[in-house]
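After this come two complexes, each holding chain A, first together with chain B and then together with chain C.
Let's look at the complex of A and B:
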């Protein structure tokens, strides 16, 4: 790592001194506080709501219910899903009043909202509301929900099936399977997780009658995406929505969608003429934040006699919870569909997706958003095929990698991959992880009474697709002539203030400190993608470079004028324009200062680009040790070799990888979202029941890189935000499976909790022990 | 209502609070010290960690009234002027924060940990930070920062 790009981020100083400004830190004079009554049953008709007792409590100002939501018409949430079924019909989008009306469909759904002089009074008053429910049968499992006799959630969605979509060539696949020498089949689950960024959801919304505008202070992944969604939900034009977005305490896809609470607070603020603030408790977050993953995946792989892949077929059942979120269906169908072939040449492919509704919290994007899931099923299939055919896992992969000379590679489904060197990555990773030395480590572990296994994955993911056709960046000079860069993208921990400023500064050849990044600022007339899908560096970051280059050209005539030369006679380098003979020069920033105060500043500009999707990839190798006495798993070693294209800031890339792998480890070993099958109650509704990764779960990651520079963007970057998640699920699970295979265990499903592992090991050992006797 | 007097970051404050007011609410809502965060309602995340008479406490877990007479230090009181506390410095040096929401609590917990154990092993650090959750960093750099801070504080 170069000194210049050392760790200390621009945003750090305020965050380590307590001067960050997160959503719940916002307050406005005269504000009231909201608290939501959330239903405690999973599926029921609302027979009656009695709000009178709540209204009697001193300090309560108003109570809102589904009637108010219906009166406002706030019930149609937007959706990014554009795919249609075979008959050409689009996804069935059920209505969702921002406060439930007539029926509730998952535990935690908003039923009523109390507004009071203090948060404590509002919370107390919520308990005063009396609701009479008539229970309905419940279904919490997506496969069950698609069965003919399943309880129906919405009359507008027959069979609870919002969309069935397929891709690939079913006939070619069937043919290939007929001719196959070997077929490997499996069914795996990517269990539902609760994203749980550490900052709970919060919003403060204030209506201004004179202008008809709403000021919205909330946590989000970016201004344009949220503003569009709020407008789509409420019908309030986007130019009447003033979003104020500041520091965000993590998102991971959970803040990609608009929430009913946004709409409800708008109703209240308009009616009462005062700002309304709401901060979720963590319990509310567990119940009503968008959840992630929740996919059951069937996979089949056909191989010829030499272990060459002939065809693959996937059957996805995607759980969307009780309602569709803006990003859920696109994340869980579009994203996996792009990479159904993984890193392998698989001539025939077919994938079918059924998108189901259940009586559970709605699901949206979650770090990787469908990419880790498809990578997981492919890698599990390849591993299992290797095991069944007794071919070395690395060797089977090598035989089937898309070769270097085949790029750009058009997959049989949706993707066109950029050049990647899968074999190079694998070779480097095997060496770095001392793959060949593993038998000794396994033996050493055995002597310590531990089961040790090694796992390997070679994965690719389509990133940076975005939902906006282009990304724009504005460069402006403030009244003092200081350089400000405006983005639509909004960091939630990714460190944009550092990285993007660095890109602009490096392009201009000036000190990073002279560039200030402003993200998701209201009133800036620029479009672009929010921060998600490993998009921001590739998209907005690239445009930062383009904007800086544009600035150099835009300022050239002014520089020439100042130097009393023709524009063609001045050269730009290291932050200054110089005459050819070097006799005269002027700094860009000095030039900008000379024009400070002009309105608009003559150097202000907007740059833009349409940046195509790209394909980070890599090979991860993990060793997992399991204590057969307790079932506790430990990550004994983790090696990564990634191709994320050009690295702008090594410390940040490493941090993203650490976080991504730890999230993968969370899903693999601990996180378990449990809904009771019969009652639909959420049984894992707090950090005491839901095992978040803790310090020590991932002790170190031995990072290597093997970059092929991206050709589709000017930075050459491929995006890294999700790579850790995408690679780690299969790597860790196959390592654990490798550890217990000698006991005769042939299948594992996440999460590999200690109790589950202990039980499986016990059961597997019993016949062995019996034999030994 | 209860009358309390306490010192926060060296300044004495007298306030009248509702009996049920939590210490964290006093700090955030009454004193405007929003650097202390709330990340849960079951005392598990550690985002709200402050020092009370030199010990790390989760300020969501005690009533403001219980802090009557106490001396409290919050994240806002860690730096001395422009000079960062060594733990703060180590967190930025080691890229031990991403979104920064857990960070004030992590820094307060780390400072207390190092006071009790100036030279912790990795295991002791894992154990010492058990009560603090971070969703962003995977903790690897946080552990590094704890070790760097231990070194500089020697």
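Let's look at the complex of A and C:
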């Protein structure tokens, strides 16, 4: 990376000086405002709804209920899950009217929508609606939901089980376990989190009767994915949906799916003939934005006498909440299935996934989306095995790494890994973290009254696998001949404006400022993946480079003509075409200007590529100090050595790693989503009760890289957006576990809240104290 | 949004008259608790009477053996006041632990004390320092003022004007912040006063309370380790999904020990 790219991101000044255009910044003349009545019970039949008092309130225009949703037929949400069970049956997709009809199944489900002249009137009128419910028994835990006597959410989903899918060779695994010298078993939880991006959910939707088109202003991860989903939900053809997407204040997977509110606003706008706007409150976000994670994972690892892995078996129970989201099942089953072998050579593998429904908010993709979870259970297993067999943690890993000469490595389940140097990453990280000097630091901490532990993870994840068969990029020149690059991908904070412009500019040899990026623009006839799954740099970014190369060739004849030469007689370098003798030259951008106004501009082009999955990997090492008096954990040191292939922009990669590690720290130490077991109420429904990670939690990350250039894309990059999450969960938990192992504690589950840690330490110390007495 | 009227009081007398004339009104100082409550629809007063800017409620000064702080003084002003830092440094420290910078620049001493949130920081200082709450009607001793969760001795329409803190020989505060809200999960204020050592606990129970066992132990000797052998009874402490009452009892003891350590340093 050259120093010229080390500066702030191009979008930063605009965004941090309040000049971003977020979803709620959109307004249309004559717009009305919506507010949703959300049920306050977790599972109930709707006996009666009385909307009359709300309609009487001055300024209220209309109230919509489940009857309107059924009449419109808006109840079938799309799903990306294509896997089938042993009998060949696909996932059972329960109906979900965009306004609840007949029954509610989680606290916060949309029951009615008031449309009024102002948002305040609409909110007040929501409180006027009277709903009579008949309570039903509630189940909020996924394992409980799969038990025979559990309350049933949907008659269409027997046993609350939407899909049971398995992968691998069960018989071979069983055989290997029989022959194993040692078996390590554990059960861990990747607890449910509330993703909480800074920008709340919002939408403004306007129906145009003359054309039958809907204008949709909302926050999203990309135009194609959302347009397809809205169309699938509503039956409105995609060419009648005009999506207007601008800046997005964070998503982490949460903005990838269509939501019921989109459908409800469409119903209202069509009926009333006016634009309808809705902006969620933070309380609504807690209750009804898709949640993340929520997986219970059983794991077993079989080893031979020398500590070589023979087989592994996993049992996943995946909590999906009360309804299936577009991305939830696919991301929580497919993504972990790709990496069941981790970074290790495990000859026999088997994994079973049960996708369950509970009376809780629906779950969808959340940064990593199944990747951190599978990495977590594998790394916990390996650590536990090392402990049980008294083999050094790094050494056990070295004995089992997939060796460099084994790539491309086809795993026994879904994945085929591209080349990675796991031992190289590990060795570099151990040195950078001063692994060998840890005993002194532990002793120094002990003298200060602290328990200090060190944790290590070596992880891999399958990223950048899109749902679209290819990614396209358009390069166009505007009326003044300025270069614009159009992507389907849409930044939610990833810095596309900086990175993609940089790729195009570097390929063309021009200044990055000459390139303007336009993302997810309606009317651009290009296909591609939305921004998710660490995809955009690898997919859209690669095609940016291809598009720029194509531009050089496409402009060559015009340049030659301008220079009065044959195309074969001009060379391109540093933004200009030159005659061989160097006597004549013309800048690419000048050439483009000369043709400005032509329609279409002769240099406009579309480039495309199909880009395969990449496998970023790395070794993270953390040291955690625990105060035994209060149970408070503190990250004392954090070292990362990652292979994300070619780094296009170090500042952005570092930002992604910092964010990913901080999100991991949030899940490990703070975030706690608590539904009351009997009532199904969300007890952690505000930032007063839900502990987000704080800036001070992750003070310094010592970052190193050990890149092996990817061969599946022209940039050589591997998608890095989720790596920080994938590595940090197991790294931080095993560090904390290492700190308390000397007390006899052998198992920890996230979140490691101070209260929980203190209780564990107390329980561990009691028998010791009793002995001492 | 339900309708309410906003009234800006011109003087303390004006505020009292407005409160009397409007029995469903609420007095507002910094509004850091009241405004979120309004937004959630949990309070629906007919009027808000803004007393935050009244000059009669402002000012920080040492008068004789006391530190007098106007009720509308913001947490930031207490935390950064050279006068407070010299007179009762533990009080300045406490003020700097409240909420976040936004809250500290809006929230006020009087508002916090009058609201008596069981997890607020200030009540522990007021109680441990044996302060006097001066209202527009009378003077109330701290021991009589705090009456459990959100309950105080204040009558309807009675306004806290200032708080008079007798200068202690020394004092210290230690707090364990709630991981999400930053309120005290347990906060212990120890004050070595002319009337003896007083110890107040906030956050752990349904309201601020004096920790009599600790006071007795410290009366026997204000020295290191004096609180080590105490057992905090968890029976009446708060419990929720964040922390068991046993954990809170432990925090009371640990924060007490740490406050004592600080006081003796």
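Here is the rule we use: the second predicted complex is superposed on the first by the 771 of 773 C-alpha atoms of A that agree within 3 Å, B and C clash if a C-alpha of one lies under 4 Å from a C-alpha of the other, contacts with A are read in each partner's own complex, and residues count from 1 in each chain.
The working rule: contacts are C-beta pairs under 8 Å (C-beta built on N, C-alpha and C of every residue); 3 or more make two chains touch, one makes a residue touch a chain.
Fair warning: this is a prediction, and the values are worked out from it, not measured in the lab.
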| item | value |
| --- | --- |
| Partner chain in contact with A:494 - chain B first, chain C second, else both or neither | first |
| Which of chain B and chain C A:698 touches, first, second, both or neither | first |
| Chain B versus chain C as contact partner of A:320, first or second or both or neither | neither |
| Contacts of A:629 with chain B and chain C, given as first, second, both or neither | second |
| Contacts of A:688 with chain B and chain C, given as first, second, both or neither | both |
| Touched partner set for A:196, first chain B, second chain C, both or neither | first |
| When both partners are placed on the shared chain, which of chain B and chain C touches more of chain A | B |
| Touched partner set for A:20, first chain B, second chain C, both or neither | first |
| Contacts of A:92 with chain B and chain C, given as first, second, both or neither | neither |
| A:661 touches, of chain B and chain C: first, second, both or neither? | first |
| Shared chain A contacts, counted only where both chain B and chain C touch the same residue | 120, 283, 687-688, 692 |
| Interface residues, chain A side, partner chain C - complex | 120, 123-124, 127, 283, 629-631, 670, 672, 674, 683-684, 687-692, 753-755, 758-759 |
| Contact footprint of chain A on chain C as seen in their complex | 1-2, 40-41, 176, 179-181, 240-244, 246-247, 250-251, 254 |
| Complex contact set, residues of chain B against chain A | 18, 20, 28, 33-42, 44-45, 47, 74-76, 78-79, 84, 88, 91-95, 97-104, 107, 122-123, 125-126, 129-130, 132-143 |
| In the complex with chain B, residue positions of chain A that touch it | 6-9, 11-13, 15-22, 24-25, 120, 196-200, 247-250, 252, 279, 281-283, 492-495, 651-652, 654-655, 658-663, 665, 686-688, 692-701, 724 |
